[in-house]
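Paired with chain B in one complex and with chain C in the other, chain A is shared by the two complexes that follow.
So, the complex of A and B:
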């Protein structure tokens, strides 16, 4: 089988879009806790937390640049424990992203197409992404190249559209209630960075796998900058309370401003950006999921697995929660925080322990890698 | 293999042939342009008044040419247990689906405003079709007059009221323009109370001398989500100066010595800085206003020379007039216990700890507020002539 490679630049764009899509659309720094006007501080704390997590994930990945998580888990922890840890990571791919798709479906249903069945919206997105995943990581990389400018343009255009409606006073007082509220509000978005575990599968597909940590740090920095900006602009435009009340604050912000009498209703931009970003996210995760499963079960080619995998993806995303109330509860820091962090820390705790242990056992082997 | 793939793709693509999931043809919708909410205390029901664009009139205009044969809009009203219920109850008596997204103004009856506008705003925020760019106003008089009478220069009430609110606030500053988005921001901020334009609903008739059904004048003042009283035009202007929202306002004065005559000065820009000082229970607000003026009309006085002393005297006099407006607004707000200037918010923003201490007794603090106003007006331009007409 020909080995497919993507450039580090493409990984950067993919990680940026994964990190920017849902986090910006639902803005958990504002909606998941009581940070209110300090949401942008929560976004900065989120950045710090994400940097730590990316070091945990990509830091181990670059030590095994030719191997995916499944392969090095096998090597570090032994056959069966390795497979178990890999399955845990693969589960988090499936679960987190099916929730993402569901949120997107909810948005389409509650904002635009109220009578369209949810399963239709979700399965279109999943099937499309499955097709991209089937075509392979190179195709996803090129799609990221293609969509990234559009994505950024749409987000920037949406932010610029609101300039006339900013009320900077909404951002004051800064940190009046101390660091507690923004800290609480950053728990969920930090936990969402469990999604970044895709790096563990993607790193061997890079042209310069050893640079992966640097690449993903750049991506995270850019994405966090976007998040800080969006959080501040949403609060300045909508007010902290109205923003925190809304299901999709970003969309609500755009809907609530008219640029001029002739240029109104620009939320189509944001919806398009969200769709593109989600498409890149889902196809990346389907690719990584299928590839991971194939390696766990020793299947030569991941491709035959992609289409069957779409089925649990759709089903889980429809059944992940019943209604908006459950979604809101799910994203609360006290529920999603421990869950998301456990998804990262349990497998990576074991893997790093295995890595350290191996280092002690075979110090000479380490140099070769 | 190849033809199998083609068949599969063909089948998948054919799913899209049906087009959208359902259709909602623009021709079959009735576009709401103005919405009025009121509350009937006796029946304990929400009342809704709508002005809907008449599709027949627009079609007639497009195809036939010449004057439309039907009325440009249609006005209906209904009631319900909730605001949304009131809207849905209307659909039994219409022939086209009512569509919200083009509503340009939301007008509120005094009865509902005094009862509280939370229910109404909640419904509007929840409703996905609604745009938060629409203007809000409180109606003094029967709402029906504003949505069921023709506006001499406009096709329908939504557009008419939208333009009237913008025009009046830009040129006179006697009403505060507030969109739904801004209203929800104001309501959510501590120490800041809502102020909405007041629209006087007047009876109209047909004919060439038909009056405009609405007169935009003054404002409705809220405390929390309940309306507590009206501001006059002067008081509203004073508030617009304090909050720095004044774009243009004309002041008419009888000139004092050494000059004489009546003069109209237009304030073209006002920059205001407000600072709050809290010591113990005593709150002092310092307002510093810098404004530019322009002479628009000077009648009756023949001896005005705009040099040195005279111009300074005029500037001082205009400054006093601005201070008078500001004081009027502050005094009225103290009576109503409504902080429409955001003095409380200023303390909350800049001294959050102090605000925590005084927020519960803010209405009392507001009543005893000490306000120092410092106004400086510069008359820079005199229009196209310097001196008035002289008949010899």
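So, the complex of A and C:
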């Protein structure tokens, strides 16, 4: 069987879309954690934090360019501890992305299909993504190529559409209460970057795996730029209080403005962008999840695992939370912060320790890699 | 029992019998050879062809030896035939080096370009069916097959399914030989190679692949050859059947093989490093590999000036989207998201829908079906009645339906727009797909709103990007993105800017022309 490869450009687009979608979805956490008008400062701090995390994740990945996380965990930590660490990472894929889907489902229900059951929206999205994951990583890469221009166009158009309603004074005063509130607000978005652990599975599928760190840094930089812009524009348009209170500030912002008499409601486009981004996210994670599980249990082909895996995805997505408010509570910095950071730091702390230990034991082996 | 079998085995030598089944007959013909006796041979041939009235035998004498010409009526040109007869009878009298046998005739007498010998009944008869004439001489167990092809062909006319405003007016015809000459007249390099195959053991259809040696990649050629040779069937009547045998995705709605009846299109494809497959008996040639974007391109794009080319391409892409999605979006918007429409427009639409007894989805579905029916009826009707039907259908029916309040004008506008858009897609085989997709999108939009339309869009996207046509990703250069090939995708650049061939098919010789040929009038002083 031919091994499927994706270009580094495609990884860049995938990571960008994963990150931007999460941002649009979890935007309220930036403002709700009382950063208020300094949401964009929080976004910049988030960028700094994400850069550190990406160095932790991809930095180890490029040292083992031919191996996925499951394989090098096995090698660094031994058979059973390695499997345990890999399962922890795979759990984070499952949990974080099921939360993403839930937020999207809630958005569709509250804004468009008010009488449709949640399970329908969620399972539709998961099944579609399962189909893409089943077709393989090449197909996901091509879809990213295809959707990226649409995605960017929609986001840029949504931002430009609001120009008339910007109130720059909403952004003042800058850092009135010091750096504390924005720092607290950036904890959750940084913790959400645990999602970037997909890189650890995707790196061996790249055409130039050694460049992965650079590629993902570019993607993160672009995504963070988007985040800073979106955060600033939302606050400038809606005002800090309204931005913090609303459930989907991005949509609310677009809805609040009418460009002309004729083009009043353009939030359908933003929703489409969100849908495309989420679809890329979920299919990437399903692919990586299935691939990871297959490697943990020594199954040759990941494909038969994709469809059964869709089931826990849907179930977890529906039953984790009662409603949107529980979800928002979950994203509070003091709850999600430690959880998300633990999801990254525990496995990667162990892996880096293993890596350093291996280096001490066999310095000559490390050079050969 | 055994004795009976032994007897049966030892019984008569094979001869053409009446009561054999097809497979046995074919096997028999393949091993029956000519005998020495002329009359016996003629009888065998006639019997093998079932005394068909169009199998003609002309007996004559060469000096003292009796001989005969055997041919199928109307397959041969009568002037070539009488010339052949003249040579055989008269020249053989003159020539002083006559000796029995056939070599002298082959070497000295017959001046036709193509001559060969055949001894097997099967060979002889299939060559006769190609328009050859068999010269059989008493005392010889081989027949001389002389090329006397001369059947009627349709003259070269403008292709009806693929017209263009500017560009060649020639279209392929049903004869493979004429079609090959049409291609070779456009691409004169000796590196235009043609390989011939015979497919279908009853129809024995000639199939030729044409490519530029050294430009088309060898893996592609090997793939095309092996897929063609794998076909084992009794009949190929049209290239569509070959398409089904060799296509990459038989269950897909989307064609992965381009069919065209324009020689200039085939020539352009060959010049990019693709392979053309021409089939005898049909004016439709196949081109592989075929990407999706090729189905949205028309020769006119390249012959008109660039801004026009870019504009009509963009328009066509938009038309393709409209043709597939507009009715679905309309239904979804009216059913689920009326707040998305501008208020004044929404009021207009609801006002005209006042009193219409059907839900929007049914209305659209109904008119779409009527329209498809009209279109189908329009194709089958005789030319003279066609316009009448379209007037009755479009004007009378539409107008009356609106007057009667059965359907709303909005729905009719949407369906009419969709229909016009679907005709803007230049290749028919993709145009039809749009029609099928449209119905699916209408259902999705009616049941799940815009979310359903998005579902359809995503599902289609996953499907098309996962397709490949002879190893080339179907949706390139958009997914996967091939930046270098965007120059000829949604837009097109100037001809002098197309320095490189398409990256995925023309990679063997990437450079097409010298770069920097932008016309610079007067600057280089060549006018002085």
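Quick note on the criterion: the second predicted complex is superposed on the first by the 365 of 369 C-alpha atoms of A that agree within 3 Å, B and C clash if a C-alpha of one lies under 4 Å from a C-alpha of the other, contacts with A are read in each partner's own complex, and residues count from 1 in each chain.
Note that in this section a contact is a pair of C-beta atoms (placed from the backbone, for glycine too) under 8 Å apart; a residue touches a chain by one contact, two chains touch by 3 or more.
What you are looking at is a predicted structure, and each value in this text was computed from that prediction instead of being measured.
When both complexes are overlaid on chain A, the residue A:173 reaches chain B alone and has no touch with chain C. Judged by the touch definition given at the top, the superposed model places A:142 against chain C, while chain B stays out of reach. When the two complexes are overlaid on their common chain A, residue A:279 makes contact with chain C while staying clear of chain B. Looking at the shared chain after the overlay, A:132 reaches chain C, while chain B stays out of its contact range.
Residue contacts after overlaying the shared chain place A:113 against chain B and chain C alike. Once the two complexes are laid over each other on the shared chain, residue contacts for A:238 go to chain B alone; chain C is not touched.
In the superposed model, A:9 lies in contact with chain C only, and not with chain B.
In the three-chain superposition model, chain A touches both chain B and chain C at residues 113, 116, 264-265. Residues of chain C touching chain A in their complex: 336-337, 339-344, 448-451, 454-455, 458-459, 461-462, 465-466, 473, 475, 478-481. In the complex of the two chains, the chain A residues touching chain B come out as 110-111, 113-116, 120, 165, 167, 169-170, 172-173, 176-177, 237-242, 245-246, 252, 255-258, 264-265. If you check the complex, the residues on chain A that touch chain C are 7, 9-10, 108, 112-113, 116, 121, 124, 128, 131-132, 135-136, 138-139, 141-143, 145-147, 261-265, 268, 271-272, 275-276, 279.
Residues of chain B touching chain A in their complex: 21-22, 101, 125, 128, 131-133, 179-182, 184-185, 188-189, 342, 345, 348-350, 352-353.
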